[in-house]
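Lettered A, B and C in written order, each chain numbered from 1.
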Amino acid sequence: MEPVTMAKAINLSLREALTRDENVLVFGEDVGALGGVFRITDGLQKAFGEDRVFDTPLAESAIIGIAVGLALRGFKPVPEIQFDGFIYSAFDQIVSMVAKYRNRSGISMPITIRVPFGGHIGAVEHHSESPEAYFTHTAGLKVVAPATPGDAYALLQSAIADPDPVIFFEPKARYYLKEEIDPVRQVPLGKARVAREGSGVTVIAYGPTVSIALEAATAAEKENMSLEVIDLRSLSPLDMPTVLESLRKTHRAVIVHEAPVFGGFGGEIAARIADDGFDLLAAPVTRVGGMDAPYPPARYEKLYLPDVDRILEEADVALAYG
Amino acid sequence: MADQTFRLPDLGEGLTEAQLVAWRVEEGARIDVNAPLADVETAKAVVVIPSPYAGVVQKLHAKPGQTVAVGAPLITIAAEGAAAVVEPRKADADEPAPSTLVGYGPGGPQAGARRRPRVSAAASAEPAEVRAAPFVRQLAKEKGVDLASVTGTGPGGRITKSDVEAATSTPAAEPAAPQVDGERRISVVGIRKAIARQMVRSVSTIPQFTEFAIFDATNLMAARDRQKAGGAALTPLPYFIQAMVKAVHAYPLMNSAWDESRDEIVVKQAVNVGIAVNTAQGLLVPVLRAADRLDLPAIAEKSAHLIGGARAGTLGPGEMTGGTITVTNVGASGPVETGTPIINPPECCVVGFGAIKPRPMVVNGQVVARPGAWISISVDHRIVDGALATEFLTALVKELESIGA
Amino acid sequence: MAEVVRTVETEDPVRPLFSPTGELTPEARSRIGLDPEGLRDLYRKMVLIRRVDQEALNLQRQGELGLWGQYLGQEAIHVGTVAALESEDWIFPSYREFGMAMCRGIDPAEILKFFRGLSHGPYDSRKHHFAPLTIVVAAQIPHAVGFAMGSRLKHSRDVTLTTFGDGATSKGDWHEAMNVAGVFKAPVIFLCQNNHWAISVPLAKQTAGSIAERAQGYGFPGIRIDGNDVLGVFAAVRAAAERARRGDGPYLIEAMTYRMGAHTTSDDPTRYRLQAELESWSAKDPIGRYREWLQGRGILDEATRAAVEREAESTAEGMRTRLRSITPGPAGEAIFGRVYGNPPDSFVEEREEFESSLEGS
């Protein structure tokens, strides 16, 4: 198979899900004739008809609200929220309804909410956010963020097949990353992968920061530092065994995400390392992420986002503990 | 028939008490289920309480106007017939209110009910001042090393993995170096090792050159004397740092780093000044962050804190990293006039200051004795050429000589 | 000139049944389509649900329920609506639709687990085609629209009804859902129980305009009717449901009524409304009015009336008995049991730790 972009991989995965299960529905703003603002749903309406792939009015709360009703009616809705910053309009429906409906009624909510997220695209305000921690903090939801085309394909299959609601965060800055994908390979929710082996410091990343962590590892190699990079793939469920296994080797961890560090998901990982891996540590667990400020205008985003230098600085700190 | 005591329920989501307004029944009266018993006023509203039991009123536990706590007995009724629908409860009014049923206020279960037995802490043989990471403590336990007997070589005297390994009777698997008479081998660990690595990285990756100048410290000393008279005794270092930051402002390239992965020069916005400090463990370089945003007293205070902290081993990792340019006070002790400092990678520039002392200087054609000192700068030639370094050094001299002017 | 104004040109089978002020016309009343047994059953159900409403209030005052929200005065809407729908048609309620739930055959003692702090969703929604009670105002409305869209996709003939109060019409979810329903011509009925009060805020401060007429803006019809007339509610819901079943899309019914009780047992209506207003609505009590109408036509005799009262008493007593005999289920199951279909490992571990912490305590 030819290498494909992550955008195409997600498109193929949706196509596969629509083909395999007639209860799968894809809908959202501009997902029909246009194929979505990122063209992720390109050609799907033509292939599967307007009943199964449809444009909705510009109403995020209703998009998620009707997904609940459709799930109750036996469908597997795969709604799209056009940009990360617009998901807040649907916050109540996601947090109070989608997440808690099963707990309230015993009825499953097999809904996969696709959301392009993260920065690096030089966009205007509200188009570069990383809202994952709001959702990992909500019981009943699962939260996934692939970093590669192959994982995006496979994780979307797992998300749609799962009986629970999944927020599927797509790193929009990596939509055009290319790789050969294997449609048969399965990636279950809650299984991290070691993206690069190393021995000195474990760098834990997900979604858009995985490739930055890998760059940092390459740069570190020139300085005779060895970084192991873990791609979490799934934030909830969280694969702590893979993280702890790595720490048994490196004894040091740096967590990298685009979301602000304060109150961010990295705090949960750090706390769990402290809880379950206290005796493994040789140095404090540190975090590299966005600042405790709103996402800046595009001109400044590179200063705000994690970069290779900031990861290496933290790796230096971790190694300075001897 | 059994006496049932009805306790005041929480009538409105988290209330703790109510005032009895009026009774609607008397002792001895026969009542049905749902018969109005009393009017009570809560913080939210006045409501009528209906009877949960049919029977004869035995006792009214409160008088109108009295405040009744949620869970306290309100009325005792000799209940009849419908006893089957009533949970058997003893009439004892002193019995604590059941806490599992709704309607009995926000109080939770008593503390201690669920707490697990305390895990007895393994008696720690190590004194509190032993500083070692959890993993190192674990390693020491496995290898049977008493941490109290190990000298730490890590930051702030921390005991590192290597220290523990060195302390074991069977050190690393590497073959021991041959013992030669008249030689003593010192294992290189901790800070010594870190310094060695950093210095090798500097000279092997950075093509660096050094320039020298002497500056006239008359104004600096005068300013210092004025400060001293005002009660604040400053060392020359804060003046050096402030002058250097000002010169960097005019020559921002001096505050940069070479990015080897991209062959790009990264010019840093903040001026984070590394201060070389000699400590018992070796050379440490704590970092004065955003020195460009500090005034002289703040520079003085913070640099003193950093130097003291570096020597005491109390600095956190955040205070030891992130430097963009380094200063070394080579003349701080001893007769050293100047030296060729080595760049602290990945920075572009290091500035060394010698001791200030009277020197012969030519003023208006006359040789006079004036306080002065050597400055030396080492710079990364990939970023800065000699001409620019000279301009920077000239600017620095000018800043130093015009202090207080 | 381009198309500036889009007017709703759609068949409205509901409006001809009502006078301009929302009263069911005598002609429509005479052709309501219910035999005497059916007419008596509407009366019976209204009496039953009012009696259990009172009993639930008493149970709250006796410390058996944490909270209760009365629907006193709104019984005609509860009973008329459920009677007008088919049993396959789903209802998406707000939180005051206890009477509707009972009319759907749900055991009242079971529903009270919700207010006794035992369960967030005590009944089987799929069995009764009655969605869970929804506390977040207006949140259930888009669910009903999605469900109705799903019925259309499945080529099913069932219709969906969602009910909410006047306060809900101020919320974005109401607007978004109405709009989506119009676009997709979803077979859904929006039933606003306009009881004039959203806790302490009166209708006049909730909206400056008409609720019913807003349907026009979404491309479907709406009507304001007398919500204290059980036959009016029955006729309007049935006609709107038939229209939706035919594929003609959504309908908005604004049923005017009055919340005779407090918002909930934590409320004190004397702080914000006048006794006179309450009295003027007492005169329009749905049960009294309907009883007189039935008696005037010789459909309800004294013996039947007394039998209904007795049934109401025993229903209330049975509910009280069953409620008090409910034993709380195990805490682990209550807290963790229904959160995930496929729970994360960390979730399972937390449950196990919690459950083991309870052992022996």
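We adopt the following convention: a contact is a pair of C-beta atoms (placed from the backbone, for glycine too) under 8 Å apart; a residue touches a chain by one contact, two chains touch by 3 or more.
Just so it is clear, the structure is predicted and the values come from calculations on it, not from any experiment.
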{"item": "By mean Cα position, the chain sitting nearest the middle", "value": "A"}
{"item": "Chain pair, most C-beta pairs within the contact cut-off", "value": "A-C"}
{"item": "Separation of mean Cα positions, chain B and chain A [Å, integer]", "value": "31"}
{"item": "Chain centre separation (chain B, chain C; CA means) in Å", "value": "56"}
{"item": "Between chain C and chain A, distance of the C-alpha-averaged centres to the nearest whole Å", "value": "40"}
{"item": "Contacts with two or more other chains, residues of chain B listed in rising order", "value": "none"}
{"item": "Chain C partner contacts - residues on chain B that touch it in the complex", "value": "6-13, 33-34, 44-52, 84-87, 100-104, 113-114, 116"}
{"item": "Chain C contact footprint on chain A (complex, rising order)", "value": "25, 51, 56-57, 59, 61-62, 64-75, 77, 92-93, 96-97, 100-108, 139-140, 142, 162-164, 190, 236-238, 240"}
{"item": "Residues on chain B engaged by chain A in the complex (per definition of touch)", "value": "133-138, 153-155, 158, 160-163, 189-190, 194, 201, 259-261, 266, 317-318, 320-322"}
{"item": "Complex contacts: residues of chain C adjacent to chain B", "value": "55, 58, 60-67, 116-117, 262, 265-268, 270, 320-321, 324-325, 328, 357-358, 361"}
{"item": "Chain C - residues contacting chain A, complex", "value": "90, 92, 120-121, 124-126, 131-132, 136, 139, 141-151, 153-154, 160, 172-173, 176-177, 179-180, 183, 338-342, 344-347"}
